[in-house]
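Each structure below appears as structure tokens.
Each of the next two complexes has chain A plus one other chain: chain B in the first, chain C in the second.
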Partner chain A sequence: MSMAEPVVSIENLSIALPIGGDRAHAVEDVSFKVMPGEIVCVVGESGSGKSVAASTLMGLLPHGLKIASGKVIFAGEDLAHASEARLRALRGREVSMIFQEPLSALNPLIRVGDQITELLNAHGAYPGKAGRARILELFGYVGLPEPERLIEAYPFQMSGGQRQRVVIAMALALEPKLILADEPTTALDVTTQAQVLDLLRRIRDERGTAILFVTHDFGVVADIADRVLVMERGRLVEAGTVEDVLQRPQHPYTKKLIAAVPHLDPAALPPPSEEVVLSVEKVGKTFRSGGGWFRKARHVKAVDGANFTVKRGETLGIIGESGSGKSTLGRSILRLIEPDAGRILFAGRDLTSIPRGEFRSERQHLQMVFQDPLSSLNPRKRVMTILMDGPLAHGISRAEAERRAAELIRLVGLEPAALERFPHEFSGGQRQRIGIARALMLEPAVIVADEPVSALDVSVQAQVLELFNDLQRRLRLAMVFITHDLRVAAQLCHSIAVMQRGVIVEYGPTAEIFADPQHAYTRQLFAAVPGRAFDLSRQQHSA
Partner chain B sequence: MTGFWKRFSRNSGAVLGLALLVLVLVVALLAPLIYPVSPWQMIGAPLLDPLEDMAFPLGTDMLGRDIAAGLVHGTRVSLLVGTVSTLCAVLVGVGVGGVAGYFGGWIDDVLMRITEFFQTIPQLAMAVVLVAIFTPSLASIVTAIALVSWPPVARLVRAEVLSLREREFVEAATVLGRPTYLILFDEILPNTLPPVIVTATLMIATAILTEAALSFLGLGDRNFMSWGFMIGAARSMLREAPWLSVMPGVAILLTVLAINLVGEGLSDALNPRLRQRGE
Partner chain C sequence: MAFTSFLAGRIFKALLVILAIAALNFLLIRLAPGDPASVMAGESGATDPKFVETLRTRFGLDQPLWKQLLLYLGQIVQGDLGFSYRNQVPVIQLILERLPATLLLMASSFVVSLGLGVGLGMLSASVRFFNRKRWLDSLIMTLALICYATPLFWLALMMVIVFSVQLDWLPAFGMESVGANLKGWARISDIAQHLVLPTLALSLFFMSVYVRLTRAAMMEVMMQDHVRTGFAKGLTGGEVLRRHVFRNALLPIVTFAGLQLGQVAGGAVLIETVFAWPGIGRLMFDALLQRDYQLLLGVFLITSATVIAFNLLTDIAYRFVDPRIRMEGGAR
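And then the complex of A and B:
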């Protein structure tokens, strides 16, 4: 290994940010090497400069950024000073890239086969019939079913996982020495993610391709990395083998990040009371679409016969992958979506029987925390107004609303001065705190939280989860917590309901399901959670 | 606000346009002080060339009316018609577009068919017909221009509302139990303002042109001097005394240009995507 030449070596690289940014350099004095046949993970939170550092290898720096100093040596050549024409010749052939969002990485109007042909033609490789054969071979290699059929497909006709396999096939087409993968599994479901990670490992082992893998997820790092680079605010704070960095982190920032990853074993939570607040009985929702004079309408059962109860002081986790109907179910409870079957009982009364016009006064008992903390706050309103709108709509006096706002903003861990500011002046975690405060303003009995931490960085996510647990201890709410992340559910939920294609396939106490999942799909979900080996070792360490 | 001004002033054309517009505004406000005598008054020898008699620096027309006084007083009509008709059109457009976009369904269908009906008729032709029916007066001109110019605003606002309606903060307002009218007027419509302001600025320019065209065709309000009337009256003298048409033409050109420049500057300053790139 020591004799081998590195595929790429970055030396003292600094990239300047435009004047007026929050710091002088996006990347500051960073040096690292990537050897053939190894997967190097660059880990960091948003804004750490991890993507920027990686993009220098493709000569694809974001608008407004410039390399201030340092070298990017690739096969003896300094890419930091290479011409645009030279970089173009290297892209795709020597270095290629896998993007985060395969849907936007592919042209929606061109058949996927033609998109790869275009790449081959641009580099004059595999001319004529050889091109098609090459693409079929690649599609087979990345595990796409029926390559002959999919080569003619448009991106929208494929699933997210298939699209990402197409992007990977395209990245492999010219046998590059190095593949850059920027959060390639972040947009995918866990089970698909596990398959894509398998594929990348196979590419490394069988083809000896070096992979520079940018991610924020330590579970993924534990599963795939040979070596790890940890970045904080543009600086490389720690580098080492995956065992060293994960088991024996040296830098305080690395330690903090690793500690923030939620454990997969269920946390001890204060027990709920016996009083059932919310009970959902055989709730269903069918979406109809595409019906016309000559076509039959398409029916999709988004939720089918969902049953569960939530007690006071209990947090119920609804777990599922995208399209499982978990958000539809959550929104049905609040009648943001009208369920078309079943009953929803709140404190013994059937909410679904209340006419839509009269439901407005019931809303104060049932509140929601949204996924995207930015888009769920009106950008043109001060936090004070955002918090007071709800109480004022229910006839609560202005003085009382102001008093609650001042109290709650402290409860969620913000300064009272925050009330006078606009949403864009806050960080993502702070915005989510405001969203939580807003939900609590009406002193609700039920809170539905739809993926409230999935848009946040790990360390912020840990703080917000802590806040949820703290609030639950103090306020004893009946909470429905929708998430795709089993780790998050383990830290927060008394019981969980696992959804697959609109149906709750398993429902029970968290500890029981985590210890012994019954349904095949639940087992599949557990098997796909990234970083399980890492969890086992963490348990041994703490034991 | 300072950030807004910083982004606006980055566009030097916009600053120039704003300066020009302020100048036009000042002239309009001070017109009775600068030229206390009515611009319709025949106070000089007819057809004086510019600079020929320093009492009439821009010359006189075929009836001996002061061109400079006409230009200064014409400013008032142009700006008045431009802003008032645009204001009316924006109010109608925002109302129709907002309701159509938010409620959807048959309400949307009905309102949009009405909007399209207005859009299929050429703007100027319809304005001419309307003013002719109502008999020309300042009020009928403003009404006619407003009636022909609201549909683009309605379509713009409808499109904005359609996308804003799906945003989570609107769902949040529903969950909080806010009444429907507040969700539309307090949560959604304020967020459509940036593009509407930009469109409105450009509409003022179009309204000024439409007013000039109506006056040119003899459908102006005879109680007020206007640029369009001056051009219309001077067209028979185009070869003998071209400046009679050129002067008010230049005034229209500069005012409309200024408003367009300001509109473009506003568009840059209010567009969040460009904003991010700059900062």
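And then the complex of A and C:
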């Protein structure tokens, strides 16, 4: 294979950013090759230029970006200087693409079969009846159930995993030499992610298709890559085989990124006290939708009979995939969603029995940290106001609230000057720190954090996780931490509750569940965590 | 099957809403001072309270309000809109005489504003999409802004002054040439000429809204990922624009088209007055001045029914444009 011609070879590529950007080049002097039948992962954090570098292969640079210098050689032809018509002929036929968000990547108003037919027609391939046969064959190959039925379906009628299989089927339709996959599994649940990674490996092995795989997730890299390219601020800082880069990283940035990946073995945490702060008993919530004079309402049991307790100083992880009801359960505790069954005991009192009007004063003891730190902070208010709104509403004096704000902003690792700024002036990690400070302003006893680190880059995620652990040591809160990521849970949680379709299927101390998961679903989740082999080797290294 | 039950449910609800509106109209109209008896008596110069009393008895105005309301609702359920004492003809007859003129005006201005507006909006969005001839976008947007900001009555008057008085190209008022007694094509062409100015006056505002709406909706869709997918398939820019941008931008346009159609009476009063168009708007205006309750209520009822009917049509149109709405409650 070493003698084979590369599918694509990028030589000294630089892509200019518009004037006034935070740097001159989105991509600077980058060179790499992709060989046939090889999966090359491009890794980096947001803004590293990894997606931009990949999009040059399709001639689909985002508006305002231009190739400043360098070559993109594909089958002996320099695509950097190819005409639009030539690029169009290549797109979909020789080079195709799989996108991050399978829902938005498909047109919501067109049947998926017709969307693939459109690709075939654009290149004059598989005319007439042959087109349908080809699509059915592809649907079968990518493992879609009932191809005959799904070919007529609209994207919204499919699950996320099915949609991504449709996108992959589309990418394969004309047997391209190269597939660009831009974070193709980031929006998927772990079990679905594992299946899609399997499928991509199969495509490489059976069809010899080269895949350029853009990702931020080192677990995924460990599972799928043959070679790895690491990008930092537009430059290629390290390149090598997956073993070399993951086991023997050379560049400090690579080392930092790898060190930031949370370990899958549970961390040693200070033990909680014996005092039970929060006790959830048989809590349930059923959503009713649709229903009118002529239609029967549909009922969805989002949460069914949930039981758990949280002690002072304890972090409980609620683990589950999308739609498992974990967020509904978290919000029910704060009565942001009104639970319709069971009891929630806080300091011995049943919160569900308190009338809505009186519950407002209880809110100060129970606070929430949200997933998206940007949309959960009012963009038109200064951080100081955001922090003080809660205490002022609960009758705390302005002077006292200001004192607390100044204290907490330092506690979460920001400068006091941050209080005078607006949310958009901060990075994602800093905004999440503000979100945490906001939750702490009322000195709550219970914090519910809903996926607070999933929107963050891995190195920032590591810092915020460290902050959570640090706060827990100092403040001894009862914390409910909702996440889909077992690695995150391992680093933070004393105990975990695994949810599937509204039901807690397994609940116990983190160390026990990680050592010996009992429920079939929990085992399935563990098996799907990307990069398990990589973890084993990391343990050997650190041992 | 889902569609028929949807339709049956919506029609049933619509009928209830119409009945509620009828009751509300009836009560609201009584809040205005004066009644038909006193207006008629005043006009004939009679101040004799006895005469007014007789008129009241004849019109049934001496009955308690709730009794009058029940009587009125009962009439409506039987399809009887009442009798205009003022004009001495059944209300339904008056309305049916005037309705075609208004519908003609509405239909022509709807077609003109929707066609021109969506067309210009598409053009505006496409030149941005292809990043060519951006000046065309600026020109269209400026034009739309001017049409949007100009008051309707002023525009109407200016058009009369320019095109009728100064240039003498088009007739300034009425629906047909008086006393010409034309037949066949000559009559149609005569009406068409009369239609031009009121249609334009009524269209330009809505046209500018369609321009802005279409452009904004298309530009929003352009940012979406599936547009990039379209390019990644190797489609041309034009194909992407047609199949993946415009079609997806239709929804807000349909919404607004429904709103516009619902405005039958509101916009028509002014335009029909300025251009002396013998439509339902004028009829309503006159009925209001004369306190012709039965006629006024009849016009209100017919216009509310049109609004509700067009809303229903809009909802049906949604189901054709967006499969997500069509399938709701269906699969999964």
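By definition in this document, the second predicted complex is superposed on the first by the 543 of 543 C-alpha atoms of A that agree within 3 Å, B and C clash if a C-alpha of one lies under 4 Å from a C-alpha of the other, contacts with A are read in each partner's own complex, and residues count from 1 in each chain.
We adopt the following convention: contacts are C-beta pairs under 8 Å (C-beta built on N, C-alpha and C of every residue); 3 or more make two chains touch, one makes a residue touch a chain.
All values derive from a computational prediction rather than experimental measurement.
In the superposed pair of complexes, A:Ser31 makes contact with neither chain B nor chain C.
In the superposition on chain A, A:Leu442 contacts chain B only, with no contact to chain C. Of the two partner chains placed around the shared chain by superposition, neither chain B nor chain C is touched by A:Asn307.
Of the two partner chains placed around the shared chain by superposition, neither chain B nor chain C is touched by A:Ser273. By the touch criterion stated above, A:Ser397 is placed in contact with neither chain B nor chain C.
In the superposed model, A:Phe370 lies in contact with chain B only, and not with chain C. Of the two partner chains, chain C is the only one touched by A:Arg88; chain B is not.
Touching of chain A by both chain B and chain C, each in its own complex, is seen for residues 63. Those residues of chain B that touch chain A in the shared complex are 167-169, 171-179, 182, 186-187, 190-191, 277, 279. Residue ranges on chain A touching chain B, taken from their complex, read 20, 63-64, 334, 336, 360-364, 366-368, 370-372, 375-380, 389-390, 393-394, 435, 438, 441-442.
The residues of chain A lying in touch with chain C in their complex are 58, 60, 63, 88-93, 96-97, 99, 101, 104-110, 115, 118-119, 122-123, 153-154, 156-157, 167, 170, 290, 292-295, 298.
Residue ranges of chain C in contact with chain A, taken from their complex: 5-6, 8-9, 12-13, 131, 224-226, 228-236, 239, 243-244, 247-248, 321-324, 327-329, 331-332.
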